[in-house]
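Below is one structure, written out as structure tokens, with a few remarks after it.
Each chain carries a letter (A, B and C) given by its place in the written order, and its residues are counted from 1.
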Amino acid sequence: MKKLAHFDATLLEELISIRGASGDEGKIRDFILDYIDQNKETWKAEPTILSGKGFQDAIILVFGEPKTAIFAHIDTIGFTAAYDKSLIKIGGPRAIDGMKLVGSDSQGEIETELMIIEDDEGQRNLKYVCDREIDRGTNLTFKPNFRLNNQHVQSPYLDNRLGVLNAINAAKHIENGVIVFSTYEEHGGGSVGFLGKYIYEKYGVHQALISDITWVTEGVRHGGGVAISMRDSGVPRKSYLNEIIGLANKNKIHFQLEVESAGGSDGTMLQKTDQPFDWCFIGAPEDNVHTPDEKVFISDIEDMMELYIVLMKEMN
Amino acid sequence: MKKLAHFDATLLEELISIRGASGDEGKIRDFILDYIDQNKETWKAEPTILSGKGFQDAIILVFGEPKTAIFAHIDTIGFTAAYDKSLIKIGGPRAIDGMKLVGSDSQGEIETELMIIEDDEGQRNLKYVCDREIDRGTNLTFKPNFRLNNQHVQSPYLDNRLGVLNAINAAKHIENGVIVFSTYEEHGGGSVGFLGKYIYEKYGVHQALISDITWVTEGVRHGGGVAISMRDSGVPRKSYLNEIIGLANKNKIHFQLEVESAGGSDGTMLQKTDQPFDWCFIGAPEDNVHTPDEKVFISDIEDMMELYIVLMKEMN
Amino acid sequence: MKKLAHFDATLLEELISIRGASGDEGKIRDFILDYIDQNKETWKAEPTILSGKGFQDAIILVFGEPKTAIFAHIDTIGFTAAYDKSLIKIGGPRAIDGMKLVGSDSQGEIETELMIIEDDEGQRNLKYVCDREIDRGTNLTFKPNFRLNNQHVQSPYLDNRLGVLNAINAAKHIENGVIVFSTYEEHGGGSVGFLGKYIYEKYGVHQALISDITWVTEGVRHGGGVAISMRDSGVPRKSYLNEIIGLANKNKIHFQLEVESAGGSDGTMLQKTDQPFDWCFIGAPEDNVHTPDEKVFISDIEDMMELYIVLMKEMN
């Protein structure tokens, strides 16, 4: 049955090459809109495309008569250039001495390195190494560095360009359903509130699948299949979880169950909105989380793609 | 005037015997729905009952033309079984070595004990003692252990089965008003958002009374009467507080005023929603909070019941 | 062009003399409503005034056909009197031994001092010095102490009476736009949710300017002009920031760019609502933040006023 899962490494590499730190998702939004425009005619069903005024840099695709929505966040972690060559985190990047960062400001393209300086009180300060001052407020992100072999893919921003790739792959097969490309997930959230409100009030949709990447842990391993998360810092509703696990079993998907105490996603944020969303995080596990060396097994990505195709068919 | 306050110990014990950790409130929801169905004809007014699709595992009762709503959360704290016999907290249970936990998984009913293991770095890990692995994601809750004498009741989950009992008791007397049986209060919240939105948008209700259990502290004591909380981590609106305290005085209710710096409830969560809710936490004080030995004085429960009956009459 | 910026020190001193800790904004709300009533006929356009039921102690002014809203919070930090002469913080006041506090309870006006008592474990407890017990739940705020010279103003509660003054000054010039006088900003937030929802649903407004006071830091200095904040703990949307900075440049406003890692405002709270608000914090910088000695340069206040007049004209 693996035929439906098409891991498109070329598209993934393209998605990763487009910058889009939280709050600055305009370019990746435009790339995805262009891709949809060029490909939607080949899809099983053509969606209504919602973007622009009132949607910030997010996108909603509505197919047929939907009951369930995929949420895939299009923003990434990164850094903001502040005063005196210091850097402030956007989201939770791991800071590693010498890591390569890129961006652009009024003087043009920037390639720089991160430097960690410990002051007298043992406080770690993050600086960029550059002959000139970078404009205040400029965003810097990990320099793309895409590596692929038969077993795995390794790159910055698999979290969450893989989740976006998975949503795009599902789009080919969806007859009824919603895909939400959300923003701000890595830094404080804020877009799933209005996005969830929109699809709930207009279409009655209150079931969400969170297409995102999780962590390899003691209980979740590379090659073990897509992880269905039974909880992280948030607790999804038991009856909704049971439905999803039942469908995964019925359809003989290769999956593993995750039970963690920490971590959050668009799911935990959906729960804090004023809409009655059920949510479940479903994603391939990754190592070296939030570094330029994120690593995910291809078989797990394909399992993830299979499960989403199945769920969007059965839950819509 | 104490005749209106009927402390129904039998119903309380039943409520406590039904499991319902946050996110898994289906069984206690069904129990409450059944109870309402069997008893509503004896009530002063029959409410409209809202539950099911769009309400998750919560319930709303609407009586007449409402202005004020009681919120009573039906979920409890507990633990989730994770990998390698470890336990992750749901909400904030106090972990005590040897405490008895119950649950059920694919292999049947479970009775186990909690064990605290300190590792080399002094980190406390929670484990369950069991010959077999419990299914990943299974919820475990305190084993019921109901103790009653003339002065007090002692049991797990007085927080918040007592708040639920109080709401059910009030239901007998309400002509106009709303009762919300909410979920997820112990773990991150999330249901009062859509529940509050529903009753505000449909009925214009934006006044809330939080029927929940508070703590015995330096300023709030057993037998001192129902506690009206002037603040905890959240600050209710002063003019709303003054109205409630005025009504309690006018009706000669035995109450005490609470002023704390910590703690939260459905009230603090209602304030974070997009609806203009006024809220006030009103509940009997309890000792041994979030343990299997929670203890509340019966006179304080009766004072709580009296106050809710009075407030729901005067504020609707 | 400075002629539009009228720094009305008399009105500022009056605003500061009115008490209004978070949750207790009734008096300052009434003062602002009275001021509007007495002055609106002299304004360029008369606004629709929304307050009362459904708005708690907040106020919304709607001018013409609005696209952009000013948010100015009318609450202040302070303390709540608790048990045994102890004090609990409202918001984040800096506690300084001997600082003068005022309030009133059932026995009349109160003037007292704060005392910091360190217990055996080094825990700092806050107490008030008073012959009698103050009623539980009474709010105490900094005693007014207004100091003005040619260069700067110094007083408690410049944060955010200056932001309110700025909004009132802008009101004289606005033809299209919204002004929101919000509450609860200093303590947990909660009013911008329903206020933002109201102006988004009724008027389609989803652009916000946060009229509040920021900190003098390494990168933001007294006399450097109004600070446009490119980020604090929250990250505003880049395209919205760029629009505002572009308009400030075009109109030759004296401003400085802020990039901080900490701090929040009604802006960060608006982002957590279910409405698609763009927001930007724009305010004069202040020293001695959250003490009775807050200090702001008058030239920075005038720059702030200029910028708001320009933005409300160009963005509506």
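By definition in this document, contacts are C-beta pairs under 8 Å (C-beta built on N, C-alpha and C of every residue); 3 or more make two chains touch, one makes a residue touch a chain.
A quick note: this is a predicted structure, and the numbers were derived from the prediction, not measured.
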By how many degrees does chain A turn when fitted onto chain C using C-alpha atoms, rounded in steps of 5? 120
Residue-number overlap at the chain B/chain C interface, same or different (half cut): different
Express in whole angstrom the distance between the two chain centres, defined as the mean CA positions of chain B and chain C. 36
Sequence positions of chain C contacting 2 or more other chains: 272-275
For chain B, which residues count as touching chain A in their complex? 22-24, 26, 54-57, 80-84, 88-90, 136-137, 139, 184, 187-191, 193-194, 196-197, 272-275
Can you list the chain C residues touching chain A in their complex? 206, 217-219, 230-231, 233-239, 241, 257, 259-261, 268, 271-276, 278
